[in-house]
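Here come two complexes built around chain A, the first alongside chain B, the second alongside chain C.
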Partner chain A sequence: MTLETVGFWVVAVVLLASSLAVVLTPNLFHAVLYLAAALVATGVVFLLLDQPFLFAVQLLLYAGGVVTIVVFAIMLTERLVGERLVQTSRHLVNGAIVAAAVFVGVAGFLIRAPLEAPHPSQSVDTTAAIGRALFGPFAITLELLGVLLVVALLGALYFARSEE
Partner chain B sequence: MIGLPAYLTLAALVFSIGLFGVLTRRNAIGILLGIELMLNAVNINLVAFARFSGNVTGLVFTLFTISITVAEVAVGLAIVIAIFRVRRTVEADRLDLLRG
Partner chain C sequence: MTLPPALSHAIVAFIVLNALLVLVAYVTLLERKFAARMQSRIGPYYVGRPHGWLQPIADALKLMMKEDIVPTASDRWVYNLAPLVFLVPCLLIFATIPFAPELGVADLNIGVLFFLAVSSLEIVGLFMGGWGSNNKYALLSAMRAVNQIISYDLPFIFAALVPVLLAGSMQMSAIVTAQQGLWFVAYPVIGQLAFVAFLVATLAAENRVPFDILEAESELVAGFRVEYSGMKFALIQLGEYAHMLGTSFLGALLFLGGWLGPGPAWLGPFWFLAKAILVFLVVTWVRWSFVRIRVDQILGISWKLLLPATLLLLMATGFVVALRGAGGA
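On to the complex of A and B.
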C-alpha cells in the first residue's frame, strides 16, 4: 500500500459519504455544508492526480464561490419565508433505480473498454503548460469565457434586482 | 498504484448520486446542489483522462467547466430568488406556470 493508494481510498470514502449526505439530509443548510466537503474532497482527488493548480482553482471557485452563493440564497429565502426550509424528497425508489441503472451502464462500459493505460510519470510542470495552452490555442475561448462571466453577472443582477 | 479505471468508477458513483439528488429533491436549490455533484464528477473524469494521457487539453477544459458552472449557479440562484419573490415557494413541483 503506497501513500497514493491509501490517500485515494480515504478521499473516495469521504467524497462518496459527503455526496450521499448532500442528497439525503433533510436540512438544506447542512446539505450545502456537505457539498463543500464533497468539493474539497474532489480537490484532493485533483491533488492525487498531480494537478495542484486545479486544486487551488477548485478551492477558490467551487468551495469558496459556489458554496458562499448558495448559502446566501438559502438565507435570503429563509428570511423571506420566515421559517426554516426543510428538504423533502419524492420518488426515492424510482430515483434510486434510475441512478443505479446509469451507474451500471457506465460501469459496464468501463469493464469492456481497454483502459489499461500505463501510468506516465508527469515530470513537466502542468501549471505552466496550462498557462501556455490558455493563452495560446485557447485564447479566444478564454476571451469568450470573460464575456460569459460578465453576462452572467448582469443577468444575476437583473433577476435579483428590487422592484423599484 | 491507482489506475484510470478506479478514478472513472469513483466519478461514475458521484455522478449517479448527483443524478439521484436531481431526481428526488423537491426544492429547486436542492436540485441545483445535485447538478453541482454531477458536474464535479465530470471534472474528475476530465482530469483523470488528462493525467493518464499526458495531454493538457483536459485540464484546460476542466478550468472552463468550473468557470461556467460558477456562472450557471449565480444565474440559477438569482432565478430561484426571483421565482420565490413571485410565487412564495421554491418547490419545483409547484412551479407549473408554463404547463399547458
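On to the complex of A and C.
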C-alpha cells in the first residue's frame, strides 16, 4: 500500500464518520461542526487527486463560507432567541432504506470499474486548464450562473427590504 | 545530500514553524514597545533586563504554569478543541509563503488562493470557542466575529486578487518575480488603491482596533476567549498574532515586492522580513491611534464602500491587463 492509499483510507473514514455524525447528532451546533469536518475531508480528497485548486475552493466556499453562514443562522435563532432547536431524525428507517438503495446503485457501477486504476499523469497545469475551459467553451454557462447569482441576490434584497 | 522529498519537506516545515513561533513571541514585544512609545506609557520601556527581551519568554513560562480552567457549563469537547482549530489554520497559512527564491515550505501554483482558503477556516475555531464557553459575552463576541468576517472576506480577497491579476499568476514566487521592475504598490493608481483596501480589510479580518468590536474590553470583557486560561489562552493568542504576521507577510509579498531589494541575494529574506514588519507596524499604528467604531459603521464600510470599490478596482485591473497583456509589470 502506498502512502497515497493510506491517506485516502484515513480521509475516507473521517469523511464517512463525520457525515454520519451530521445527520445522527441531535445537537444542531455539533452537526455544523461535523459538517465542517466533512467538507474539509472532501477537500483533502481533491488534494489527494492532485487538484489543489478544487481543494482551495472547497475550503474557501464551503468550509469557510457556507459553514459560517449556517453558524450565523443557528446562533441567531438558538442561543440568542433562547429557543432550543433539536435536530431529530424521524424518518431514520426510510432514510436508511433510500440511502442503501442509492449505495447499491452506485456500487453496481463501481464493481464494474477496474479497482486499480492507474494514476492519471498530470502533464498539464490543471488550474490553468480549468480557467481556460471556464472562459473558453463554457463561457456562456459561466455567465448564466453569474446571472443566476444576481437574481438570487436581488431576491434576497427584495425579502429583506423594509416594509414601506 | 539526497534526502527523500517528503523528509526534506518535513524538515523545512519544522524549521519554518519554530522560527515562526519565536518571531510571533517577539512581535508581541515589538507591538508593546511601539504602543508604549505612542501613548507615553513608560512601563514597557523599562521592564525586563536587556530592553525587555526576556519578557516574551517570561510570558510563555507564566502561561504554561497557569491553571487550566474549564467552565462546568461549557460544551466540553467544543471548548477544548477550539484553540487548536483556531491555531492550525493560522500556522498553515505560512506553508505557501516563500521567504526567498526556493526558500519556503511549498511554493504551490495556487499559493494566494491557498492562503485565503486556509485563513478563512480560522473563524471555525473562533465560533467554537465562543459557543463552547457557554458564556453570554463569548457568544456575543463570536456572533460579531462571524458578522464581520462574512463582510470583510470579500473585499480582502478582491484586494489580494489585484496583484494576482497584474502578475498573471497565483504562485507567490511568480508574483514577486513580476514585481522586479516595479513594486505593485507603485503601480499607477490601481496599486495604491488596492494596497489601502488591503490594509483596511486586513485590519478588519484581524479584528484590530477600529474593527475590534468582538473583543471590545469595555463591553465584552475579552470577547470569545473570556473563559480561556493558561495554555489554551496562549494558543489563541499565538494564533491571532501568527495570523497577523502571516497577513503582513502576504501584504509585503503582494504589494511591496517580497524579497526584492538592493544588495546581495542573501539579503532577500531580511528585506522580506523588514517589509512584513513594516506592514505590521502600519497596522499597529492604526490600532493604537483610532477608537472603536460601531457595528453598523463597520458593516456599512464594508458593504457600501469597500466591496463596490474593490470590485471596480478589480474590473479596472482586468482592463489594464487585457490592454497590455498579462505577466510582468
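Note that the second predicted complex is superposed on the first by the 149 of 164 C-alpha atoms of A that agree within 3 Å, B and C clash if a C-alpha of one lies under 4 Å from a C-alpha of the other, contacts with A are read in each partner's own complex, and residues count from 1 in each chain.
Here is the rule we use: a residue touches a chain if its C-beta (ideal position, glycine included) is under 8 Å from a C-beta of that chain, and two chains touch if they have at least 3 such contacts.
Bear in mind that the values here come from a model prediction, so they are computed numbers and not experimental data.
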item	value
Chain A as common anchor, with chain B and chain C clashing or fitting	fit
Which of chain B and chain C A:57 touches, first, second, both or neither	both
Partner chain in contact with A:148 - chain B first, chain C second, else both or neither	first
Partner touching more residues of chain A, whether chain B or chain C	B
Contacts of A:159 with chain B and chain C, given as first, second, both or neither	first
Chain B versus chain C as contact partner of A:65, first or second or both or neither	both
Touched partner set for A:17, first chain B, second chain C, both or neither	neither
Chain B versus chain C as contact partner of A:48, first or second or both or neither	first
Touched partner set for A:94, first chain B, second chain C, both or neither	first
Least Cα gap, in Å, left between chain B and chain C after the two complexes are fitted on chain A	13
Chain A positions touched by chain B in one structure and by chain C in the second	53, 57-58, 65, 69, 72, 76, 80
Contact footprint of chain B on chain A as seen in their complex	2, 4-5, 8, 12, 15-16, 19-20, 22-23, 28, 31-32, 35, 38-39, 42, 45-46, 48-51, 53-54, 57-58, 61-62, 65-66, 69-70, 72-74, 76-77, 80-81, 85, 87-92, 94-96, 98-100, 102-103, 106-107, 110, 115-117, 119-120, 122, 126, 129-130, 133-134, 138, 141, 145, 148-149, 151-153, 155-160
Chain C to chain A touching residues, read off their complex	6, 75, 78, 108-110, 113-114, 116-118, 120-121, 123-124, 127-128, 131, 139, 142-143, 146-147, 149-150, 153, 170
Chain A residues touching chain C - in the complex, by the definition given at the top	3, 29-30, 33, 36, 40, 52-53, 55-60, 63-65, 67-69, 71-72, 75-76, 79-80, 125, 127
Complex interface listing, chain B residues touching chain A	1-10, 12-21, 23-27, 29-30, 32-34, 36-37, 40, 43-44, 47-48, 51-54, 56-57, 59-60, 62-64, 66-75, 77-82, 84-85, 88, 90, 93
